[in-house]
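Paired with subunit B in one complex and with subunit C in the other, subunit A is shared by the two complexes that follow.
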Partner chain A sequence: MTVILPAPRGSLGTGTGLLWLRDMLRIRRFEETCAQLYSETKIRGFLHLYIGEEAVAVGTMEALTPDDSVVATYREHGQALLRGIPMKVILAEFYGRAEGCCRGRGGSMHLFDRTRRFFGGNGIVAAGLPVAVGLALAERMQSGGPGRFGDPGHVGDNVVACYFGDGAVAEGEFHESVNLAALWRLPVVFFCENNQYAMGTALARSHSQTNLAIKAASYEVPAWQVDGMDVEAVASAAARAVEAVRNGAGPHFLELLTYRFRAHSMYDPDRYRDKGEIERWRARDPISILADRLREAGALDDAGMRGIEDDVAAEIAAAVAFAEAGQPESVADLTRFVTSEGGQP
Partner chain B sequence: MSVGTRAVPTGAATGTYREALREAMRDALRRDDRVFLMGEDVGAYGGAFAVSLGLLEEFGPDRIRDTPLSESAFVGAGIGAALGGMRPIVEIMTVNFSLLALDQLLNNAATLLHMSGGQYNVPLVVRMTTGAGRQLAAQHSHSLEGWYAHIPGLRILAPATIDDARGMLWPALEDPDPVLIFEHGSLYNVSGALSDPPAEVDICHAAIRRPGADLTLVTYGGTLPLTLDAAQLLAAEGCDAEVVDLRVLRPLDTATFLESVRRTHRAVVIDEGWRSGSLAAEVSARLMEEAFDDLDAPVGRVCSAEVPMPYARHMEQAALPSADKVAEAARRVLAGG
Partner chain C sequence: MAEFRMPSLGADMTSGTVVEWLVKPGDEVRRGQIVAVVDTDKAAIEVEAYEEGVVTDLVVPVGATVAVGAVLARLAPLGAEVMAPPAAELALPAEPAPPAEPALAHSDGAPAVSSPLVRRLAHQLHVDLDTVPGTGPDGAIQRADVTAASGGLALGRPRVRSSPLARRRARELGVLLDSVTGTGPRGAVRVADVERASPRAPQAPTPIADPAKPQQHAATARAEATARRQAAVGELMARSKRDIPHFYLGADVDLAVASAWLHSRNRDRPPAQRVLPAALFLRAVTVAAAEVGHLNGHWVEGRFQPIDGVHLGVAVSLRDGSLVAPGIRDAQRLDLDEMMEALRDLVVRARSGRLTREQMSDPSITVTNLGDLGVDTVLPVIYPPQVAMVGFGRVADRPWAVDGMLAVRPVVSISLAADHRASDGHRAARFLQAVARRLQCPAELDPRSAP
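This part shows the complex of A and B:
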């Protein structure tokens, strides 16, 4: 049932490749800046960096349209940026400012943007999966298609993309949600970001079956393992899965094999893995892999790379200036948004 | 003071609390395409307490959705469906099993609006059975609505009358935020007048179910009938007790019971939850904070004994509030101060 997809070769359109490179660099450099700002105590609380995993978000989100929905985890800065939430608004959120995408109420773990159908930013491991299934159910019920066991799928649904880690697969909510989505043939695509660790717990120390795609496949969900360090492989697998889901084939599951180069969060002293392992994965840095391929193809040179880096640096500088100038929300507003304004009399 | 039932019924048929709940769902399903029901055994079985009996036949399996035994997933899916524009009614078989969905209710339903800085409200209604009294032993007899009433962002309703069973669902569905409705298992077979057209009820205020001058009995849900019985016992002794039905456990309508106690100067709070950290504790704390000078005696409380609910009937009865225990507590409060 599970298939490890090889990275397709020679299919890389160089225009797309350069955009992917740029997107990965935006995430990488933005988060490097955030780490710096964290050590300067401009950013507080938990901060979970995505560095090393950029190809996963870039390759998968390529397959989505603005009408699709995205549900992510606390490690969602990449998805938030790619969804189009302005970097400055994300950084203002990290600064706890009123200009942040959630007015500073959410912080780095809870980025939301209603206009972009970005549904968080969930800090409870696996808690986004049931919500994603429900969004897909709403999609199905509103599109007028059937959504029951045994029914044929419905063509043309918007898709819900649900991101979660390898750790989440050990939670009951993963199993409940994948089963429910399959049972009702809902338009949801499960993107499992398998970065080999749940905090300090290595995959093999929490999963009796370390091939996570097999678990999803046992629910009659088409499931593949994909090289998550190769953005082309990710994009081609995601395109295939999302297209199938959109065409009524029911939920799909991709296990994206990746690695976080940094600690779990800024609190983590990273004592549980050896440096050699980190180095081996760094040798497969998704940004270098793509950049090398683009250079080979003659689509990128040093000047081109510098141009992208300069653009990204300018965007980050503007974001920092914006966040620095941001204002704290008035304490008088503390209890707003507990319930809807203009709700019950 | 405000009374929950406002409209004057023009005609009345007899019905049960269960039928009133079913009628409320039927009405909502007819009125609004976005409304659907989902939960364990709500369809083919007709609901564990037969509340949804017949709805599958009438509305079909898309709108009356049987779910697997996955409380967290189907409550979370209710949240997602609500975010996606639907108006789900999620039935959790009983409050005991809601613990498997507690994370979704607390960390998602109740918090999304605030965490998102006001962007994502969750128009979800969750119904569940609560309470003891049917010899179902420790794991099937909880009264945990007081726990849920602790949570900012949720509205908690406890219909204790047939009119409330009939009337609370629609305003709950109109509420832009999550609403939990607790139906006490002992009430399903209670029958009485079913107002026609249905009485209009709000989901904001407590109601005075029996006016009185000498003492205020504050309660809600499954303990309302026995509290009214206690008021009868007291009446025979010359004490005229007022009975306040909280109806809405969050946000608590403090004004109604405060106003009552300012007139009667004495209060007993009756709550099937465990005494420590109970809703009764909250009501009595508010009375102490806001009506201290009006009280002629310390506030009394009748709650469940702090034991896991025993199976044997005599032991279960010993653990639960009863009309006699309420009357006894009232006599102590009347004698004090």
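This part shows the complex of A and C:
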């Protein structure tokens, strides 16, 4: 059944807290720059921004190791950055440059880096879920387990972290995937980024049960809601869930209650919600919440904040310069990767 | 000095129209602040500044369409002294400068001199260049002349205060803003003024929300638009009930033949090409209205004026709960598939607020179909100046006597509200009979299916 955890207090190591703050600011400022570059036609294709939801990626990725796998959505810039794909490589990808992580062929929605076990953004709602369950099955089979009904679960499997939105929970793929993962006790942790809107459709307009953790719980998956605007609460819940999955307890599900401050995509007039609602959520900006706590704890002052902002600004400036200097892929390579090259993806 | 440019909001966006400025010269702008509303092919979108500064001038006036990347406004660094023009001058000159002596470029028969840019702007603003006085060298028509002629921000002639939506409607209806008496604050022209001034404007309210105050919450603006629409419809309905001596007739019609015929006609078609019973009803009403006189037309100036051609109004419910009744023009020319297509188009456009001018022009008779909502019988209120309205209830399986036996048949209840000044029970009964008869011979409503 669903358990709603209060935000744990006093668990914040200030060193960790400053790293979280820095990571959230990297995502926030990077995406703000991306919006501007998009307006200036430097970035083409779609662009979905994560602004407001940073605590979810930062708090959950804290629990993962480099051997774990990540499957994300088309709003995946944050996860890609945290997974270690350099900002300049991500931006070059947005620019359509050969220096991008997918040689400029993927763009914003299709960041991918196998070496970092980052198995992609995905342009299709809920399409990442079966991929994650498949990866988890591969983990299980490679560790010698059968991966089928009656599998007791294995201690020490690498974990697959699967991100998706509240909209995905309305898709059949969600239900099939969670069911199969639970049936086979696969090492996958489902991170539902519930930002309250499936594009422009409010949760209550499309879900009879708006507590999404209850839906997952119906598949015998331990599931609970977490305050997704509080990075400490997210990190604590994610640590507990990932540890359980790693110890063979089967899949877990976290519903991370969050909010995107900006429109769904660049071309969204955002008329389906009123500005008062956005302001109320902005009052719970995950970056401000953490920064305030760090200041209270004496771990952060104005100079410290400025230092972080300056470092982030320098990283972004370098990324923009790198992307600007990048080259489009050669036409001679047009047909490369249509079929795989010697087993390479 | 920083520049605020027309942003690109999608790869398919090449230009945008400034619908509203939310800042004026002298205002300080912060990064991320919404400074303007831009209309694109897709939607009106609030656009933000990416740099901070003080607005020195707004380069592009409201109503103008410019390419992505064009400078919209200039910003000086924060703290810089900016001479803000006096508010009155900014809003509109109280005592307008006398217009420059305009040379009517076409007066001597010579073609108007204009650049491709000007022609493009004229096309976008639906301005006929032959009627535009040019103020440029040798009477050349300049962009400002076109903007002025379109009723937008006039340069060199007195500007008419108006809401953005009023300007858009004026363009759609071909109304010159100068000729409209405004009833808004300080004489500003509102949509209602434009529509009053237009001979082509519909009596029924249009489902376009007034975006005059985009800085308000979208929900509030929507609620206001809904309230305005409801008030307008309410006024119209009160007038109808007050002035029109309504009378009502009803008939239950067996649809067994029509249902079977439609079923077999639809069977081999992809869903997008299937015809719904609603379209068959519209076809039957159209044919009957053309056949039986005194129901298809308007009551104006104390007498009935018949109309050639059936402009078939269809009541459409909007998401906010209000109703509009746009029309299918010359419905008698449409076959069944075309009628279905027209109905789909009408509903989609009405609900998205994108009705065409033709669809908004006055229908000659209107149909309301509440069958989907489980209603058995509708007793409609006539839309003035029309003189009749036809209601359809739900198609329900009912016990039905056929050849002395009890059968179960799909039956629809059709009702007619008519204006007794224009027609009488006899004519109205003939009309209902005609509709019922047509529905018994559905193939005749579909000339293409005739052998």
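Quick notes on this one:
The criterion applied here is as follows: the second predicted complex is superposed on the first by the 340 of 345 C-alpha atoms of A that agree within 3 Å, B and C clash if a C-alpha of one lies under 4 Å from a C-alpha of the other, contacts with A are read in each partner's own complex, and residues count from 1 in each chain.
Keep this in mind: a residue touches a chain if its C-beta (ideal position, glycine included) is under 8 Å from a C-beta of that chain, and two chains touch if they have at least 3 such contacts.
Keep in mind that this is a model prediction, so the values were computed, not measured.
For the composite obtained by superposing both complexes on subunit A, the positions of subunit B and subunit C are free of clash and fit together. In the superposition on chain A, contact of A:269 is made with subunit C only, not with subunit B.
In the superposed pair of complexes, A:173 makes contact with subunit B only, with no contact to subunit C.
Within the superposed three-chain model, A:36 lies in touch with subunit C and out of touch with subunit B [touch as defined at top]. Contact with subunit C, but none with subunit B, is seen for A:44 once the two complexes are overlaid on the shared chain.
In the superposed model, the vertex angle subunit B-subunit A-subunit C (Cα centres) comes to 80 degrees (nearest 10).
In the superposition on chain A, A:79 makes contact with neither subunit B nor subunit C. Looking at the shared chain after the overlay, A:129 reaches subunit B, while subunit C stays out of its contact range.
Between subunit B and subunit C, B touches the greater number of residues of subunit A.
Of all C-alpha pairs linking subunit B and subunit C after the chain A fit, the shortest spans 8 Å. Residues of subunit A that lie in the contact sets of both subunit B and subunit C are absent, per the superposition on chain A. Subunit A contributes residues 69, 100-106, 110, 112-114, 119-124, 127, 129-139, 141-142, 146-148, 172-173, 176-177, 179-180, 183, 336-341, 343-345 to its touches with subunit B in the complex.
Interface residues of subunit B facing subunit A in the complex, by the touch rule stated above, are 36, 61-62, 67-68, 70, 72-86, 88, 103-104, 107-108, 112-121, 152-153, 155, 171, 175-177, 202-204.
In the complex of the two chains, the subunit A residues touching subunit C come out as 32, 35-36, 38-41, 44-45, 266-276.
Taken together, the subunit C residues at the contact with subunit A in this complex read 5, 7-11, 13, 32, 40, 42-48, 50, 68-69, 217-220, 222.
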